[in-house]
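Consider the two complexes below, in which subunit A is the common component and subunit B and subunit C are the respective partners.
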Partner chain A sequence: MQFPSLELLGQSLLSGLFIGGLYGLLGLGLSLSWGMLRQINLAHFALSFLGAYLTYQLSSSFGVDPLITLVIVAPGFFVFGMAMHWVFARFKVTPFNSLLVTFGLTVIIESFIQWVWTADYRKLESHYADIKFKVGAMYIPLPELLTLLISVGLALVTWAVLRYTPIGKAMRAMAENPKMAAAFGVNEPMLALLLSGAASAFAGVAGACLALSFTLAPSQIYAWIGVVFSAVMIGGLGNPIGPLVAGIVIGMSEAATMAVTAPAWAPLVSFTLLIAVLILRPGKI
Partner chain B sequence: MTFFASISRRSALALSATVAMGLGTAALAAPSGTPVKVGGTLALTGPLSATALIHKLVGEIYVEDLNKKNGLLGRPVEWVLKDDQSRPDLARTLYEQIVTVDKVDLLIGPYATANILSAMGVAQRYNKVLIHHTFGIPSLAKYDMHFPTWATGHVPEVTLPNMMFDVLNAGPKPPKTIAIVTSKFPATHFMSVGARDIAKKRGLSEVLYLEWEFGNRDFGPIASRLKEAKPDFIWAGVIALEGMLLLDAMKKIDYPAPQMFHYLPSPGPMLKSPDAKNALAVTIFEQHAPMMSNFGATEFAKTFNERAAKAGLPDTQVDTQAAASFAAWQVLEAAVNGTKSFDDKVLAAWLKKNTVNTIQGPMRFDGPSNYGDDLSKIKQVQNGEWVVIWPRASAKPGVKHLLP
Partner chain C sequence: MNKRVLTIFVVSGAALAVLPLLKLPAFYESFLYLVFHWVVLATSWNILSGYSGYFSFGHGAFFGLGMYTTAVLAGKFNWPFLYTLPMAALVPALFGVGLGAVVFRLRRLRGELFGLLTLAVTFVIATIILNTPIDGGPGVYLSAVPIPAIGPSPSATFYLLALAMMMLVLWVAYYIYNARLGSGLFAIHDDEDVAEVQGVPTYRFKLQALAISSAFAGVAGGVHALFVSYVTAGEVFNIVVPLYVVLMSVLGGSRHWLGPAVGATAITALSYAFTAGDSAVVGRAAIGLILIVVILFMPDGILGQLIKRFKSRRALPPLPTPVAPAVISAQGSSGEVLLTIDNVSKSFSGVKALQNVSMEARRGEILGLVGPNGSGKSTMVNVISGLYKPEAGRILFQGEDLVPLPSYRAAHAGIARTYQIPRPFASLSVLENTTLAGMFGGTQLSRADAAAQAMYWLEFVGLADRARALPTELNLHQRKFLELSRALASSPRLVLLDEVLAGLTPSEINNAVTLVREIRRRGSTIIFIEHNMRAVLELCDRLIVLNHGQVIASGMPREVMNDPAVVSAYLGTPHG
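Up next, the complex of A and B:
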């Protein structure tokens, strides 16, 4: 094994930091719905890609700035998330069944994407892609930087809302003990709808970030599931900051592995970390 | 006096008789009877699905065209197509179903090595001829009634790297150092391992060799390692999206690609990307002279371009995938017409003895593992289009190998 230069290691770690931010952003909504609503929402990934395709379409057909597309996509997804939760609540879908139902929804969304945009690759050509900053010997591409900032910003805001606002405290009480919370006047059905809507809106935001940096294909939906699930489980269910921190740890570990040894070893990192966490702190997940 | 008024009664009668005879002849030529069922799968969904659109379109065009003519031996043709979801295990199940439940007369292959291999096992069990497209590892094909229409020759892991290095040596700046980076996707990995051996034998100094798992998301560290290794030439064993992801990652660290070969890239996105300027890749057909004189090329290219545009494909040109797919149908039709039979053993025996004119050129199946001539060519992105630069006899007139 040859030790990499500082420049190579630094640039690789930066790359890992950025992709870790995206893991965290994808994991944020998933963690909230899993930890606080007891819904294991596999469709979160499909929604993210649907958001990415909508960003691509609005941007390439109508010239809308990719970030401005969020003004349309995020509220739309918020409503979709609320509707989805209403259906789940109406039919009393259990956590395990939510996994099956949302898998079905994933397949439907994937088919819809393929029907509209075909299975061929789509690449959003935006002015952001050409901008990068040079700090010393390191390059910082703007789309990745934006993704990281959005991811950190959303995680912190969500954490603050849950911790310091009355509605956030009510949501946490609802997640802890719905019946007791209801006895204290917490409107559990309404809060659950809001939380599900927010989780879906986060998927839309993650989609815009995906479109900024990646070439899109419908089947790519499944490429992210394993590593983001690891980030969510390592970070802790229902914890807005945890998936981001775990995502960054995984991303940087994978990147360091790729910089030092064969890149084929990188996927082992996230799952080894997950197993280690499951063994060492099972109660924290 | 109007034109119609000027026609004499006798002329009108003669014209009517001619039209009636023409219609009668057309009615006689139209296929009739029980349809000939041709069964197969394509990866209509899943990670390989981008390419399936091309194969599906080609199959539809060919079958429509056959049915407009005389079908197969006067019978209409029905294509029984199923979605193998890019999964070899499902391809195997579906081919079983196609043979035992749908009871097809003839099989046509899926594309991509693993799925073809699965279908081949089923074809062997039922003694069916399997004509297939884009099989990447010829040494794995042991069945004596399989017929590949991706004319790579039987040792592409030797012939293709040698051809690539011939191009480089004859080019404006022969490389002295090489980096080989490759996906572990079986067909690309196999070819890259071959390239590694050939590079060593030809005296190129290997400054980097890397492998990644198929489905890798972060190409940043790989790009950084390439930048640090400073190779004169990069052999990228990429498939589909990976080539673009690697180029994107290289762009982000301000590392313009040196001379770079992409094994199985998605051709459409590379054409549109300025980062892929003068990238090299392998092909069997590109839509320009002299290959447009190959059998069936002109008519097919015209229809395919129109239908691909209507289907919303970003790249509407005929290239390797479309040509391999079209050739599979041409070989099937030629064998049936040549033997006047649907019997698999008769068809196989005929194919082993005869040369079939296809869009790729004349194809033989009389070599090891039923492979014939290697019809591979090296192409390059030049001014927003893929053009063949090697071998010179197949190169687009007037083009030459350009440096990035």
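Up next, the complex of A and C:
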């Protein structure tokens, strides 16, 4: 173990902060559907990658700005999320079975991606990628900064909507007790559809951010599952801000681990944290 | 042991074992090796996860530990391959027991949280193996390890090894399915807390199932290490193994010992059929689609569905003939103290449900426990039966303090209970529910004896004609009586009846009152919790009144009911 220079450590922590933002963004939709609809949506990751590939395609074929592609992708995913929830509600899928069903969906989406875009690595060449700021001794790449800003913005907006608007309050009531909420006049099926749609649309947004900064391959879908699940569980199910905070903590601890030891040790951080949270945290998660 | 099943095992095992003599092309043996390999993995997963409902996503960890055990011992330390296999079973089994010793103690780590935890453990192990000299990054080669000459060719050797493993794991799965361990695991699947209170040693059973499950996964990994001859962390510890075994078991039917084998064969053949052509991608998508369709439309799996069909066509096997249990042995004389509650306290996040409660129950009496809603009566029952552990105090039953013992020991000591809201095991029939109580309660009967006595108790409570029904097919009244038959099936010394009369009609109540008297006549002591004062006054020898978690009165029923403290607890203090 050797200690890196201060600049290197600072740069590592900064990149940890940025990737933590992406963990939070991926975790936001997952946390909402798990905490409020009791559905563990493994397909969230595959959907995000599908969104990333769509962004990649629209951007490289038609020259659409990567962030503008969301105008098409997000509503499309919203409808997809509603359809998915309709099936779940129709068949009364239990939380555990939702994990299995969405795993099936993951495999289908992965195969679709591989069929259309092959298993080769794809990288979006956008005008954002070239822009870097220098603050002090540190470089700040624009795509990563945008991701972090979008992640923070979306988390805050979701939090505010759930906290202050009538529809958000109704959603929280529904999450607490769907039957009781329905008895008080909350249109539970409609709200659940909206929430599921929103969670999927968030996957689309996360996908655009993935495409901005990362090289894409279908097999990469599985690489994110563990760490994002950790962020969601540590941050608290159904909590819009928690996964972001937890994601940043995990991202920065991973970065510090990588800087101090070898990069291959990084997965240990998030998974050990997840195990520790599961075993030590009192009460229900 | 069922002779017919044994014959089928021996004949099919022998038939498959002579296959290499046909000198088929090596391809067939390798294909069948893969089928058997997945049958072993899926069946071993099912022994813990299918039977007990603890869905593990950590099967890849046990499989991978077995693979690396063999790879390191044979590849780096030059052990003969066959000698590494016991170690490949032992290492994951010990790891599983260590993991279970921590995890299985925690009530909240059930369902999907257990699944996530086991998945996380897999990746932690993978990271450690990858970054330490066990692997170190480049992977472990086994190409120099000699393949033992069990069969006429290397492919035949692997085929025979996998066949032996498969027959063994299927035998073990079948055995457990029919043994006490299996019954206990199925009870855990439906309602672990109730199982524990009925006398199932849940912690030990889960550990045993996990050890067996991980040992088989480890051996399969050990053999597979030599089969692929090159082991890398990335290939071993990915998400494919844990998800495929779940998929195979769910597809085949995870509630049956043979289900995972059916699913594993179907999926392996299917993936092969697709990968053989140019449509591997379509094949993967098809597997995903099959998983979705099966879960939505066939929750019992292929085998479960077939058995249902088969059963409805064939005549049902006869129900066991009722056998009356022996009258409960009266150790000691009537009237002496059977149960002493000594200064027991229990609170729930600040609310004191019981505060320094002391009381006793005497042998042969019907002791009434009454009090307004929220006074702590049900908490008292939960504490005596072991469902909750009190923070302070002792519970002496026949002189033995139950508080420091595991919860299931209360049932073994001879305590049985009913639940205010019936909690039957949802996927077991009325007869199986009652049988289970006799198998695990104080009497520890064999399955056959317990079933015969269960029929007696079902006749006693009037549910004999519903013996084959599932609890969901019963009405409230019948479910209450199922609670009663379950409590009685263990011939308990002490029965805790928690509001058995609530929700019954007046004529049903009369019926129930007669039953309660009959239970006492058979030698059980009864603690009777009830709001129906007519029944309380009619039945109880003594009465204890709880209010706000404290005993406020005790004594003869009529006197207690006129006690001013009791009157004010129920009706409030009159304004004077």
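Quick note on the criterion: the second predicted complex is superposed on the first by the 281 of 285 C-alpha atoms of A that agree within 3 Å, B and C clash if a C-alpha of one lies under 4 Å from a C-alpha of the other, contacts with A are read in each partner's own complex, and residues count from 1 in each chain.
As a convention for this text, a contact is a pair of C-beta atoms (placed from the backbone, for glycine too) under 8 Å apart; a residue touches a chain by one contact, two chains touch by 3 or more.
Bear in mind that the values here come from a model prediction, so they are computed numbers and not experimental data.
Engineer: In the superposed model on subunit A, is it clash or fit for subunit B and subunit C?
Structural biologist: When both complexes are placed onto subunit A, subunit B and subunit C end up clashing with one another.
Engineer: Determine, under the contact definition given at the top, whether A:M180 touches first (subunit B), second (subunit C), both, or neither.
Structural biologist: Neither partner.
Engineer: If you stack the two complexes on chain A, which partner ends up touching A:Q114: first (subunit B), second (subunit C), both, or neither?
Structural biologist: both
Engineer: Quick one: is A:G16 in contact with subunit B, with subunit C, with both, or with neither? Answer first, second, both or neither.
Structural biologist: first
Engineer: Now for A:G251: first (subunit B), second (subunit C), both, or neither, which partner does it touch?
Structural biologist: In the superposition, A:G251 touches subunit B alone.
Engineer: Considering only the touch criterion stated at the top, classify A:A262 as touching first (subunit B), second (subunit C), both, or neither.
Structural biologist: Touch partners of A:A262: subunit B and subunit C.
Engineer: Which holds for A:N97: it touches subunit B only (first), subunit C only (second), both, or neither?
Structural biologist: A:N97 contacts subunit C only, not subunit B.
Engineer: After superposing on chain A, which of these stretches of subunit B ends up overlapping subunit C: 9-17, 45-53, 99-107 or 297-305?
Structural biologist: Once both complexes are placed on chain A, subunit B clashes with subunit C in 99-107.
Engineer: Need the overlap of the two footprints on subunit A, from subunit B and from subunit C, as residue ranges.
Structural biologist: 110-111, 114, 262, 264, 267
Engineer: If you look only at subunit B, which of its residues touch subunit A in the complex?
Structural biologist: Against subunit A, the touching part of subunit B is residues 44-47, 49-50, 52-53, 86, 184, 210-213, 215-218, 220-222, 224-225, 227-228, 240-241, 244-245, 248-249, 252-254, 266, 268-269, 272-273, 311-315.
Engineer: Please output the residues of subunit A touching subunit C within their complex, sorted ascending.
Structural biologist: By the definition above, subunit A touches subunit C via 40, 87, 91, 93, 95-97, 99-101, 103-108, 110-112, 114-115, 222, 225-226, 229-230, 233, 262, 264-265, 267-268, 271-272, 274-275, 278-279, 283-285.
Engineer: For a test of understanding, state which residues of subunit A touch subunit B in their complex under the given definition.
Structural biologist: Residues 4-5, 7-8, 11-12, 14-16, 18-19, 110-111, 114, 118-123, 125, 132, 134, 139, 141, 144, 213-215, 217-220, 223-224, 227, 251, 254-255, 258-259, 262-264, 266-267.
Engineer: Quick one: in the complex, what on subunit C touches subunit A?
Structural biologist: 55, 102-103, 106, 108-109, 111-113, 115-117, 119-121, 123-124, 126-128, 130-131, 137, 238-239, 243, 246-247, 250, 281-282, 284-285, 287-292, 295-296, 299
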